[in-house]
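Both of the next two complexes hold subunit A, though its partner changes from subunit B to subunit C.
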Partner chain A sequence: MSSVDTSVQMRMRGGRLLSLLILATAVALIIVTPFLPNYYVRVANGLLIYILLGIGLNIVIGYAGLLDLGFVAFYAVGAYTYALLASPQFDLHLPFLLIVVIAAAVGAITGILLGLPVLKMRGDYLAIVTLGFGEIIRIVINNLDWLTGGPKGIARLDKASIAGIELARPTEIYWLLIVVVFAVAIFVWRMEKSILGKAWAAIREDQDAARGIGINTTNAKLAAFATSATIGSIAGVIFAASQRFVSPDSFALQESVLIVLMIVIGGIGNILGIVIGAAILILLPEVLREFAEWRILFLGLLMIVLIIVRPAGIVPRTFGPEKLIRGLFGK
Partner chain B sequence: MTLVFHNLRKQYGSHVAIDDVSTVFQPGLIHGIIGPNGAGKSTLINMTAGSYLVSGGRISLDDRTLSGLKKYQIANSGVARTYQNIRLFDQMTVLENLEVCFYPTQVGQVWREILWPPFAAKRRINRRDVCMELLSFFGLQHYADAEAGSLPYGRQRMLEIARALVTNPRVLLLDEPAAGLNHHETTELTARLAELKSPDRIMIVVEHDMDLVMSVCDRIVVMHHGKLLFQGTPAEVQASSDVQLAYLGTANDIDDIKTAAKDRRAQLGIRARRRT
Partner chain C sequence: MLGILIQQTFNALTIGAIYALIALGYTMVYGVLRMINFAHGEMFMLGAYAAFLALTLFVGDIGGVGALALTLVFAVAVVGVGLVGVGIERLAYRPLRNSNRLAPMLSSLGVSLSLVTGVQIMAGPQPVAFPSFFPATRIGILGGTVTLVQIGILVAAFVLMAALYVLVNRSRAGIIVRAVSENRSTAQLLGINVNLAISLVFFFGPLLGAAGGILYASYYGIMTPTMGAVVGLKAFTAAILGGIGSIPGAMLGAFILAFVEVAGTALLPVLSGGLLGTEYRDVLAFVILILVLLVRPAGILGEPVSEESMVYKREF
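Let's turn to the complex of A and B:
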């Protein structure tokens, strides 16, 4: 046997070990978390919601290469859809799953409506305009007192329930989120691997050349905006159902920035990267709670180091779920 | 099936880049477009592919008017192109650069591809087979999983032509395919171009390399200051007293062409070095 063969074998065994390790850790964490005290479960729920948001925004930023800084708008749309349809506000109490469907549709439509005017924009211009959209939605919510309750928000939202099973305690929400995050991650990953995902990549690399091979970039971009907004909106529904209270404060510009940072730090265009990025940006502040006055400084330093050491993010674009699976089965 | 320019015109501001050009391109032939820097060759390609709007006149394929359609619509009418300055999807793999060309025909069933894995697998194999065959034709099969932007310059040129061929276009527009290639690569390209000739394909090659043009082209259009100066077979072009006098003949203009070819190599050399 030649030395080339053995080195390939060793690398494969290494890959297999790494894949096994990553998956085993993930499974262990997922199973152990609900048995921890409620505080930890709540933190985990927050993390899962941000992962969901990251997966959604990554479609636009990571796949299609469009820097969107107003993503929180769709999160708000979903949250308020739930708040309006399942609370004493208008005395509407629609079933949870029905609201998810409605919110997904409303999210997609909002995504397309906000996408249409920015179709011709890229880079900094796109970032500024979408940032504006995010703020506009928050301000509208803040001012439409009769509809949204204004700055006071909407309280006493219904508990979520599916098929008669109530989902209100942190562990119940946790399992709901685990299922949704996995379903959405698999869906989005398959989307990335589909011909549409390849078209997004082409648009990201060279929009004009993409048109030159027959890609209707308008439609492909709107599909990205719509899918991304739908996921943001669904995350908003779950957020509202778990807090059972919504107010404009939850949808400030910082939220959008935080989600973008998760993507950039974890690894643009990579679902696994988003999980890592979210873990760092959501869990670290919790861990550093006791050093409250230092933690922003600490995060800032960490970010500077990461950007110098790993400018393309912690997990490279090419280390996607398929690598993990292939590593596991040694193919 | 013919590609026709009807009194084509292009102005950039007040500068007239193409002035009343009318000609016909036939299938089964390789048409060359030559002329010194700034003659308007790329402008013709760009208008045909829909990268630029026409300022006057009309471009038609069969009985269909192309000018005025959007760029992606023109591509979907069977017009494919390469660019004078290579434009690949640099961070995608070589294989993906070709696969993505299936978008127009396959996006209609994208839901099925996302939600039904067996269908997706079939699609993937299907795309792969077609693309790998093309890659082999251009000697690129071993690069399939490499990032397109990391390829040596000459390979990138070949890949760009391969990408243009995935959809089996009726019109193939090549803007200076030999620019920046070394002698060996140019010979290889010349052979590939001859093999690509097919009774139902119109091929148009803009090129400064006169050896390539004279050996591979069946018809040549000579452009000069935005006007069509002469058209005919390579022999006719070389023999034409018009061209000799106004173009090939004068020491100045033949030098123009040679300088252009040299300039191009120098410019592209920079890109090639920067990338490697």
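Let's turn to the complex of A and C:
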């Protein structure tokens, strides 16, 4: 009896230590980063945008169990929404927050429009159709010169500003991203725990059984697509505002694959896993910069090895944010 | 008018034959493993590079080389890629055979990424001029011009497809592959060597894909490390259009897709009053794909698929 108690206590103490360590490192990194030279802040901004994209795509792949290979299309939709509404292209200069709202709406609509026809499809077909959809969007952007500027893209986008505060320097974008990433992460995490999240889990585990217990699988999947597309679109707006330039090159098929990789490597269905996956995939190439193409080859091989030896990713699905919080307060 | 029609028909047939060779690999792999092999487009690309390598190693200059030598180069390249395919299956897909259905697909994405970058590192990312395997003689047929390259591609592709047809339907190897496609566990219970059947598929699929790559590079006179992506996707569309898992379906789908593409390229700018240019050709393929999946998900010649295989079960 007592030995059981002590082992439980010890495991809890270990859990608390681990949680404290992880949280302290995270807080320290977040606070220190903006004081580093601009290059590091830019890398951190790129990382945060990918974390945002990963959180968005994870809703579809990790929660609902649908393989979406065209996620970058929504990212492009958001980026081009900002580019068209805040640039000399049509001489429109709407405020940043308004564009975020518009882009979120456009993203959700695009997500539903894509979702409606494809959601009845079998899992593997869905992958290929979403991939095709991503390519369609890229080809259209590339060729619709009068609207998108074609391969040249759109330059001289407005600086983002919220309530008169200009957000243009890397550190300013950094704080914007930190706020957005945390807000989105908490929102999505709570969504996973909501009744809708349970429906997604049911669909992921067994679609027929989910339908059998009365879940409207089509609506639940549409909600997953729409939420994920909205997040992708918002990430696109911030990306466009920080680069102040958009071109079709940023939205190639490889980007979609990269985001899927992040999720798979980090831990499918787990927000903490995405952070780890994004850190590996975005920071590793920066660290290995001198090895040029070799790093991509390395990433490809790493992906194969990881899927074989750790199919569930580096961070297991069960080690989610609630585990951290529970560990912290010892409950 | 008739001349243009004949010329365009030949264009479509040539492209269709190449798509068909690649689509066969997708459909055969799907038949035995129920997986989409995203690395298959890279077999197409590897074929062109392997042939180029074999050509520079064994032959040197292509001018004045006999047909026999070229056939040998072709054979060495496609068999080489076939063996690469078997190796990839052994290393990257077989350990995942009993995991969830998503894992092998993700692994094939990793293989695809590695192969493209591997070739980029070794051969450089820039496009390479590819020597044509056929003389560029032009022949006039009823007012249209057809090149000997096109006829050579058609002959080569049809010989390969006929050989595959005989292999699948008349040989012992074909019987075990068909048995495993039909039902893997029953085949295993009947004492069929499932691993052998899968290895066979991963030999002949990449072999045909590589042949497609060599013919494609001969046709356009150019190869790049990334050439597999779009063509692979189109061949996959063709496989779905015809009914994935069905070998005649893959061929039929490839020719239909090619005809629609050629017709679309010619007609799109006219029909839309110049609004949509020829660059939307690739969009056309994907639109067809989505329409087919909506109207008849099993494809033209495919068998209806059970709901059971629609869901990813287990944790992934």
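Structural remarks
In this section, the second predicted complex is superposed on the first by the 323 of 331 C-alpha atoms of A that agree within 3 Å, B and C clash if a C-alpha of one lies under 4 Å from a C-alpha of the other, contacts with A are read in each partner's own complex, and residues count from 1 in each chain.
Quick note on the criterion: contacts are C-beta pairs under 8 Å (C-beta built on N, C-alpha and C of every residue); 3 or more make two chains touch, one makes a residue touch a chain.
Computed from a prediction, not measured in an experiment: that's the story for all the values here.
By the touch criterion defined above, A:312 reaches subunit C but does not reach subunit B. In the superposition on chain A, A:215 makes contact with subunit B only, while subunit C stays out of contact range. In the superposition on chain A, contact of A:187 is made with subunit B only, not with subunit C.
Of the two partner chains placed by superposition, A:151 touches none, neither subunit B nor subunit C.
Of the two partner chains, both subunit B and subunit C are touched by A:206. Put simply, subunit A uses residues 204-206, 208, 317 to touch subunit B in one complex and subunit C in the other. Listing the residues of subunit B that touch subunit A in their complex gives 49-51, 70-72, 75-76, 80-81, 83, 87-92, 96, 99-104, 106-107, 110, 113-115, 117, 120, 123, 127, 163, 166-167. Residues of subunit C that touch subunit A in their complex: 34-36, 91-92, 95-96, 99-103, 105-107, 109-115, 117-118, 120-121, 125, 229-230, 233, 236-237, 240, 277, 279-280, 282-283, 285-287, 289-290, 293-294, 297, 305, 307-316. In the complex of the two chains, the subunit A residues touching subunit B come out as 187, 190-191, 193-196, 198-199, 201-202, 204-206, 208-217, 219-220, 317.
Those residues of subunit A that touch subunit C in the complex are listed here as 65, 67, 117-118, 120-125, 127-129, 131-133, 135-136, 139-140, 142-143, 203-208, 253-254, 257, 260-261, 264, 268, 293-294, 296-297, 299-304, 307-308, 311-312, 317.
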